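Both complexes below contain chain A, partnered by chain B and then by chain C.
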Partner chain A sequence: MSSSRPARKSSKGDYIETDSGNKVSRKALITGTPNITLAGRTVLMPDVHLRGDIVRVRPPPPTTTTSTTSLDPSSAATAKPSSSSSSQSTTAISIGKSTIIATSTILRPPARLLRGLLQPYPLKIGEQVLIGPGCVVESAQIHNHVHVGARCVLGAFSVLRENCRVLEGSCVPAGMVVPPGAVVAGRPARVVGEVGEGFGVDGVGEGWVEGGELREVVRGIR
Partner chain B sequence: MAQNPLPYTYYSCPCVNTSAPVPILAANRKHSREQPPTDTTEFDNEEQTFDSRSPRANLSLVPLEHLLWCTECHQMRCARCVLEEVQCWYCPACLFEVPSSTVRSEGNRCTRSCYNCPICTSPLTINPMEDPRQEDKPEHATGPFIMMCPWCNWSSLDLGIKLEKGTNVTAQLAKIRNGRKAGKIQDAEVTSPTQEQPLSPLAIQHSSIDDAEAEATSPRPDMLSTDHDELFTRLRNFYQQQIVESSEASMFGPSFSSTDGFSSPSAISRLLNIYTGKKTKRTKPVPMREALSPSEGLHIHSPADDTDSLTCLSTTPWPDTTTTAQRALQPGDHAPPFTSDLWPIATLLRTKRSKRCRACRTLLARPEARMNYRWRIRTLALNHMPKLTLLPLATTTTSSGGMPTLGPDLGTPAHIAQRASLSAPLRTGQTHTYLLTTANPLEDVLSVTLATPPTTPGRVGTRVTILCPQFSVGKNSDVWDEALGAQPAAASKRRSGMPSGMPTVGEDGAQARVAEAGKVWASGRNWTSVVVEVVPGMLPEDASEEEADLEIAVFVRIEYETDAAGEEKAVAATAKEKREEAFWCVLGVGTIQSTFA
Partner chain C sequence: MSDPKRTSRSAPSKRTSLLPSAPKPPCKIDPAATIASSTVLAGIHPITIAAHAVLHPHARIVSAEGPVTIGEGCIVFEKATIGPLAPSTSTESATITAPPSTILGKNVTISTGVTIEGCAIGDGCVIEPYARIGQGAKVGRYCKVVAYGEVPKGAKVDDYTVVYGKGKRRVDRTMKEWGEMRELKEAVHERQVRGYQGLIPSNIAKWS
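Let's look at the complex of A and B:
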């Protein structure tokens, strides 16, 4: 991305930095790598677990119910047709620009029973999203500029609209839609308020504000 | 109070003083150890100091991002001093925008299929009842459907409700509900749906009581209709008739306030009478009477109902009774004592509101009409007022001359240690040093004067010293200026007399450097940090939790020179205008450790 920054030595640091500026911790646990899309300047911190292997297998085999990671390099050679079909459109997790997934967070695509099969659905996370440490995320979609506090559980198929804020330790129930600019908290989470008009606005231009641009924070992580 | 984690900064909106100028003074007098303010700054001689503990002050303390700015009055505007206008109504669950005419007729609840669990308030999902494991299922599920709570496993089967369709739940539920009521009222013999599906012994017990109730009152069919809606319509009809009767008697009486309005022929003829000036003899209004018979809406409370519910309550286990919150959420006057009778709650609509200044009606914030988080107009206080942050000096880590800020909690060991030190209790008598950073969002150089009472009001009496109360803050220059000449400008601005490489205020740097009075600690492009020394006072033995929380009230006065044509930058105005603003803000520091614990 920004070429002004000198290329980091990838052999030394705690993070592997890709060409597009993604920073992936060496301690992050990522399964099903081909099914994961990182848009750039995305940070995956230590002990983050990305379950890219939970992906819909196409065409659905009628007998086997185990969801195999068809994109595993070892099995890719043997299961050629499935890997070619899935490489077209299967995305398990997609994460937007300048989004930070803090330590020990699990991202798991949601799944539901459909015609006798447990069918996974993709998990989409937008830009400038901060997901705090120790969260479990099973949302269907998280829009831009969302702030999720530490130790939250986002239930299956929940949708977090833009500029909403999930306070620390909340459990968003499955299927809940958090409206834009809402503050949710509690177990189960309910809307407890609205963010201020200035949420995410950094008038001073220095540092980080909740819900605001995360580029500076991303730059500081190394 | 502790909505935000420590440290926090609240700004005191001046509107707290406009309605009542005295109460802060009165509240201060209550404290026995209250000392008269002896600060040398000129402001404290003029006015009283701000007490963040006074019950009134609490109303005005707002975080900066919640404050708006009135460009006409040049003042901050909090939620108390803005006028709100509803822009649109929407359902938070389906994000469907509801026209205001529908809200007026149908009420402020979603009329589509959005329902909340009556037990735990989480949104209900509508699922087909058939086994989802069936493989040879059609693409679209066919009924019956049930409503299920993904959180507490409540389902509409607890009420014996199955829906035919998965859509338009509100109409179906209303039909089921009305059907049940009608069934109960008209024919006591017909078993109620709750009895068809005996799910718990409680349900049977309760429905049998319902039946007993119905039997007891069956000889008087009029009295059976204890339903709220029906009672209401009868009473309404009765009172309307009463109003008409009494208004017919009196010429200028309450007829105009009656529901007939001005459009009815009788009202018009009466109006004409008034204007033609033919004074007729005013007759005395017939006094209105109250409802006398059940057909008029009279409902006589029978003590048997009470004893029945009492016996039922005494035999019901505690978890099966409803909580106050659950009863309060139920629509209408439906407040059942048992969880088995709770109905799903239609989702309450939310609003998007535009905000105007209460004094001059200037539009301060106006959201976009569509379902997103965008604003057409938004004048924020954080773009017009300095941002103050208080951070412990020891834990402040600034990266090569950057503003001391607290980053997000990312859960790394460094972050955990930082958060722990932030919430560490303060010790009585020890000097704690903090860094108070003032950041400038304006494009003019600010000269800032800070003032604080030497001891915090109240019984604890914490000593607070701002080492450098007068300083200037650089202007918030263009981003390009920063990019092109950030390094030399920042280095030259540093007035602390330290080598340019020094200002990394780390764990090692803090000990090496001693804060001096009258000198700023560090400064950057548009921010300046000064050191604040805090010596927590002694907590009394019977101190409340609130007293243990240390808050510092700081009076901030800023002066700056700006272009006379303030907002119109295109016009090259050479005339400078001097502006001055002053406000109180409250900095949350931490919790004082009790020596008696």
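Let's look at the complex of A and C:
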């Protein structure tokens, strides 16, 4: 942050780098680690909250034994693989390649009531997405090459389509679908324009552009 | 490397802090409440947490300047700060002599990053991310403060009001005129509480 201060000499870096190139800050606050998937070269900056513990729990085994006995063996046979598959597929948060989650952002999987039970849904973030500092993300899905500015609130079950841009300080309402290539802003967020033709197209020697490939940026973070 | 306390590379979470742990505030927590282990309760005044309240990880309940009461079935999300903060009381509101108490009613939802400083919030309110409720404010029942909304110091918000934009307000007439809506909302909130209770491992023993 402050360039005047000399770089801190520490044997351990501020980021933990995994085999697939994910860079996770030591100060990131992550709960429910087994339910979080990072695709590789993903950066989680300090003070990022990942709520991996908000995940769909397997429904309790059916206690209704009132069904006919002839159905029992088949239901038992079908129950086993389904339960094992559901235990494998419990993903709360999945983040794509070369995505950067900036400081103090909170990623919380959205949840809603389904048949009288609180059912969390997975929060999916695509590739080359940049989420600015201080955001609250409860989206259902964020597609590739999305740029989210600082201090945004992305409401529950919102969907951000490809190449869209959320200006800083916007509040995307719950359930909003931002169309591809749109620029949204305001509280509540509305479509205010479209991204230009060059959005996400890397210039030669100009460095990173919004919506562009984040690979080089990720490489610079350590 | 020479310090034996700092060499635990494999398990950094098990490293014990060299600082003495902060004194626990006097807590009165109902056994049916859910408090995540990384929730922070701090301060010197009493903290009361009623049954079925859910405090998410990294929520902060601060009773440094006055007592905090959290009502039945409240949900407090991560990074929300409940309780008056020291700087705001000492600088501006010198007129308030009694310790400002923070009271959350029944079934209140406090979302991420909300700051609540010594005020009363009525039953069934929803406070959305990064809203601020100033000191001495009184928020009525079934109110909603939208994201980044602000209730200034000492303000009074009537029942069924939605606070939005830059200090704009309107009355939620659906909620006001239809008792069934309120009942439904309560039922939904109850289900939400039950859902989160199943998801968040509770660690009440840490604070009592």
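In the analysis below, the second predicted complex is superposed on the first by the 181 of 222 C-alpha atoms of A that agree within 3 Å, B and C clash if a C-alpha of one lies under 4 Å from a C-alpha of the other, contacts with A are read in each partner's own complex, and residues count from 1 in each chain.
Methods note: a residue touches a chain if its C-beta (ideal position, glycine included) is under 8 Å from a C-beta of that chain, and two chains touch if they have at least 3 such contacts.
All values reported here derive from a predicted model rather than from experimental measurement.
**Student:** What does the overlay on chain A give for chain B and chain C, a clash or a fit?
**Tutor:** These partners fit in the superposed model.
**Student:** Taking the superposition as given, does A:Arg108 touch the first partner, chain B, the second, chain C, both, or neither?
**Tutor:** Touch status of A:Arg108: second partner only.
**Student:** According to the stated criteria, A:Arg51 is in contact with first (chain B), second (chain C), both, or neither; which is it?
**Tutor:** After superposing on A, A:Arg51 lies in contact with chain C but is clear of chain B.
**Student:** Is A:Ala28 touching the first partner chain B, the second partner chain C, both, or neither of them?
**Tutor:** neither
**Student:** Is A:Val148 in contact with chain B, with chain C, with both, or with neither (first, second, both, neither)?
**Tutor:** It touches nothing on chain B or chain C.
**Student:** See if chain A has more residues touched by chain B or by chain C, and give me that chain.
**Tutor:** More residues of chain A are touched by B.
**Student:** Applying the touch criterion given at the start, work out whether A:Gly181 contacts chain B, chain C, both or neither, answering first, second, both or neither.
**Tutor:** A:Gly181 sits against chain B, while chain C stays out of touch.
**Student:** Classify the contacts of A:Val218 with the two partner chains as first (chain B alone), second (chain C alone), both, or neither.
**Tutor:** A:Val218 sits against neither chain B nor chain C.
**Student:** Applying the touch criterion given at the start, work out whether A:Gly116 contacts chain B, chain C, both or neither, answering first, second, both or neither.
**Tutor:** both
**Student:** Just to confirm the value: shortest Cα separation between chain B and chain C in the superposed three-chain model, in whole Å.
**Tutor:** Superposed on chain A, the two chains' closest C-alpha atoms are separated by 5 Å.
**Student:** Where on chain A do the contacts with chain B and the contacts with chain C coincide?
**Tutor:** Residues common to the chain A contacts of chain C and of chain B are 113, 116-117, listed in rising order.
**Student:** Going by the contact rule at the top, pick out the chain C residues touching chain A in the complex.
**Tutor:** Contacts found on chain C: 1, 9, 12, 38, 56-58, 77-79, 111-113, 128-130, 146-148, 164-165, 188, 191-192, 194-196, 198-200.
**Student:** For the complex, which residues does chain B have touching chain A?
**Tutor:** So the residues of chain B touching chain A come out as 63-68, 90, 92-95, 120-123, 125, 132-135, 137, 149-152, 350, 355, 365, 371-373, 375, 378, 380-383, 387, 399, 402-403, 405, 407-412, 415, 439-441, 476, 479, 482, 524-527.
**Student:** Please give the residue numbers of chain A that touch chain B in the complex, ascending.
**Tutor:** 45-46, 62, 100, 102-104, 113-117, 130, 132-134, 145, 150, 155-156, 161-163, 173-182, 188-191, 195-199, 201, 203-210, 217, 220-221
**Student:** For a test of understanding, state which residues of chain A touch chain C in their complex under the given definition.
**Tutor:** Residues in contact with chain C: 11-12, 26, 29, 31, 49, 51, 53-55, 57, 106, 108, 111, 113, 116-120, 136, 151, 153, 169, 171, 187.
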